[in-house]
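To keep things simple, chains are lettered A, B and C as they appear, and every chain counts its residues starting from 1.
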Amino acid sequence: MSSIVPSVKPPRLAVREAPPADASSVAMAVDRLNAWFAENHVLRDISITFPKQQVTALIGPSGCGKSTLIRCLNRMHEVVAGARVKGEIWVDGMNIYGEGVDPVQVRRKIGMVFQKPNPFPTMSIYDNVAAGLKLNGVRNVSVLDEAVERGLRQAALWEEVKDKLKEPGTGLSGGQQQRLCIARALAVKPEILLLDEPCSALDPIATAKIEELLHELKTQYTVGIVTHNMQQAARVSSFTGFLLLGELIEFGTTDRLFTNPSDPRTEAYITGRFG
Amino acid sequence: MSDAARYRYPFMIHRHFDEELAVLKEKLLSMGGLAEQAIGKATEAFLKRDGALAQSVIEEDAAINRTEVDLEESCLSLFARFQPEAKDLRFMAMAFKIIDELERVADQAVNIAERTLDLARSPVFNPPSDIATMSTLAMAMLKDSLDAFVNGNADLASEVCQRDEEVDQLNRVVHDTLLERAGKESAGAKQAVDQLLVARHLERVADHATNIAEDVYFIVRGRTIKHRLGAEA
Amino acid sequence: MVRDPLMARRNWANRLALASTGLCALVTVSVLFFLLGYIAVNGIGALNWAFFTQLPKPVGEPGGGMANAIVGTGKLLFLASLIGVPIGFFGGVYLAEFGRNGKIAFWVRYATDVLNGVPSIVIGIFAYVLVVLPMKSFSTLAGGFALGIMMIPIAVRTTEEFLKLIPASIREAADALGVQRWKTILFVVIPAAFRGLLTGILLDLARVAGETAPLLFTALNNRVWSHGWMEPTASLPVMIYTYAIAPYEDWHRQAWAAALVLMLLVLVVNGGARMVLPRRSVVV
């Protein structure tokens, strides 16, 4: 079991395991994070850890703050006018909300894929994947070639597009576009990949492909995913956090959360009895 | 549609679920192996009046029980995380039952071992040779039912079900033989009862193997052959 | 089928609405085609090689052309673009990408709208005071300046509108890659909006190409070639104005021809640019 569900030990149902606490196994630790949209307090004292090379899912009903939370993780929340964040997020021994930290630098380390596929409209498939490097000054063609192929392979798109790298990225199907966006995010070699409802605009087959991809990606990256589809969270993640009204209600291994949740609200939500 | 054709669609994609299913199958098989081994050892101990071997069978049951709990948790986790449908659903539901059957097979081994301990302390009373045959047959049925499970072989599964009758028949013969001998040699009455029970336990093993085979048939064909339901098919 | 009086009335109302909107659409299109046709019919007769290559002949002498006015209009538009496009474009970029809903942006937008509403003759006087008086001469420079000022508000607003059409998700994608904002705007957003931006600028240019009033005080007119930037110059709109109100039949025909040329110039520049441009942008 340990090779498949990558917790250290096969999870015992009776144990209420805490998320791994030692620094070596944690990629990102969120400490008492609060977020606002103008006067609207949307996240309240969230503390959560993202274990290294695992998929961690955030679930919860619409408006629970899960998208806001994931956008806080690479400082995309503050891009919106009037948005505010207070709290700490530790990555690699650095508080990304610390003084003097450049959000642009943070985002290079923590990539993000969005709800709707958003390839750059004027760019070819190749240029889309290379965009992160090119726009940050990389000119070396062999470096770019290598990064593009690696990104596309990791996003399981290489075989489908290797003969048409010069064609526009917007010419691909929705599912391919989303994998192109994943490739684009991976090409800059982030440490953490965040996905904000990456399948909500895709059909079931394209969704299944992305889900399979996540199982591959976690061998190299720490992955955080927000999904309104809790079955998807169950399928792809090793750890799951349940949010409700801006609070983290419960966090634990996906196995445990979906077989034996400890909070009655979690139980009500995952069994579809939310009222 | 044949099973092979069902999986040959061009848009078939790799499923992580399949990997986890494969692991589950593997673990189910190894549990089957443990149960089979336990029956083998218990029978050997019985035939050789080997108390020490019987004792080890009883002690090793704890490992099988742990495997049972572990497998049940794996099944539950797979249910919770992958919401299996169709064949996957049948597989998962039957896996739960097969775990249960295997655990009971192991319990039968313990029962036989306990009878053996009793017999080893009593004066020698030679058992009917049919008991050894029963053990061989029951173990073969168990092995074949698990093979059918691994390979999704419905024909083998239905064949296993038919073999149950043979074991039942032997059980009746052993029963009659032992009753007759116990009537003649009253000193061996207690041993005869123990041996009767051993035969009965082996017959139960064959029943469990039959149940597994029936489950396998259901997984593969989606139809039940239990209780002669669907016998016409 | 049962005849429902209410249904029948609704059907009639529907047909009436369809007919009236269709009619209005038709009127719009026909006015345009009537105008184009009328100008073409009247202008085509006077259009010949000489019109493009010769200077105007003195009064009473038939023939001659408007070569100086055509070149003059070209120079004026070139100068106007030099002034109006950068200011308008970067102003628009500011509003769309940085100012957004802030206070400054509000006032910039407000000022732009006011400027757009200022009568063109007033702009002419403005340029007269600012350029012609200090330099003591009517000039191409003064005319180009006046037209350039006129270009700014439309350049600002079309730039802003076309940039706003680029979905926020595109900017987000670049943000999430750790790309600085100015690079995102320059290499991602503007290329994506390029077709639209250029169309906006060309429409802007087409609009000022026909302006007459601001030129009366600035570029004035010229019967001969205008050398350099500091001399008064002829231009098509002013020539049309002058020739159309003159009492000579020959001049009237030349005015029609000039109107046709001006119109074709605008159409060709606009249509040609649209065809040549790559189609790979969000905004068409």
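The rule is simple: contacts are C-beta pairs under 8 Å (C-beta built on N, C-alpha and C of every residue); 3 or more make two chains touch, one makes a residue touch a chain.
Here the structure is a predicted model, which means the values were calculated and not measured.
Colleague: Give the label of the chain whose average Cα location is farthest from that of chain B.
Modeller: C
Colleague: Which of the two pairs, A-C or A-B, is linked by more C-beta contacts?
Modeller: Here the pair linked by more C-beta pairs in contact is A-C.
Colleague: Centroid of chain B to centroid of chain C, CA atoms only: how many Å?
Modeller: Whole-Å distance between the two chain centres: 89.
Colleague: Just how far, in Å, is the C-alpha centre of chain C from the one of chain A?
Modeller: 48
Colleague: Centre to centre, by mean C-alpha position, how many angstrom separate chain A and chain B?
Modeller: 46
Colleague: Of all residues in chain B, which are in touch with two or more distinct other chains?
Modeller: Correct list: empty.
Colleague: Which positions of chain A touch chain C when the two form their complex?
Modeller: 74, 76, 79, 81, 104-109, 111-114, 116, 118-122, 131-132, 135-136, 168, 170, 181, 184-185, 188
Colleague: Touching residues of chain B toward chain A in the complex: what are they?
Modeller: Interface residues on chain B, with respect to chain A: 11, 13-17, 19-20, 23, 27, 70, 73-74, 76-77, 80-83.
Colleague: Help me check something: in the complex, which residues belonging to chain A touch chain B?
Modeller: Those in contact with chain B are residues 1, 3-5, 10-13, 205, 208-209, 211-212, 215, 231, 234-235, 254-255, 258-259.
Colleague: Which part of chain C faces chain A closely enough to touch in the complex?
Modeller: It comes out as residues 100-101, 166-167, 169-170, 172-180, 183-184, 187-188, 191-192, 194, 278, 280-282.
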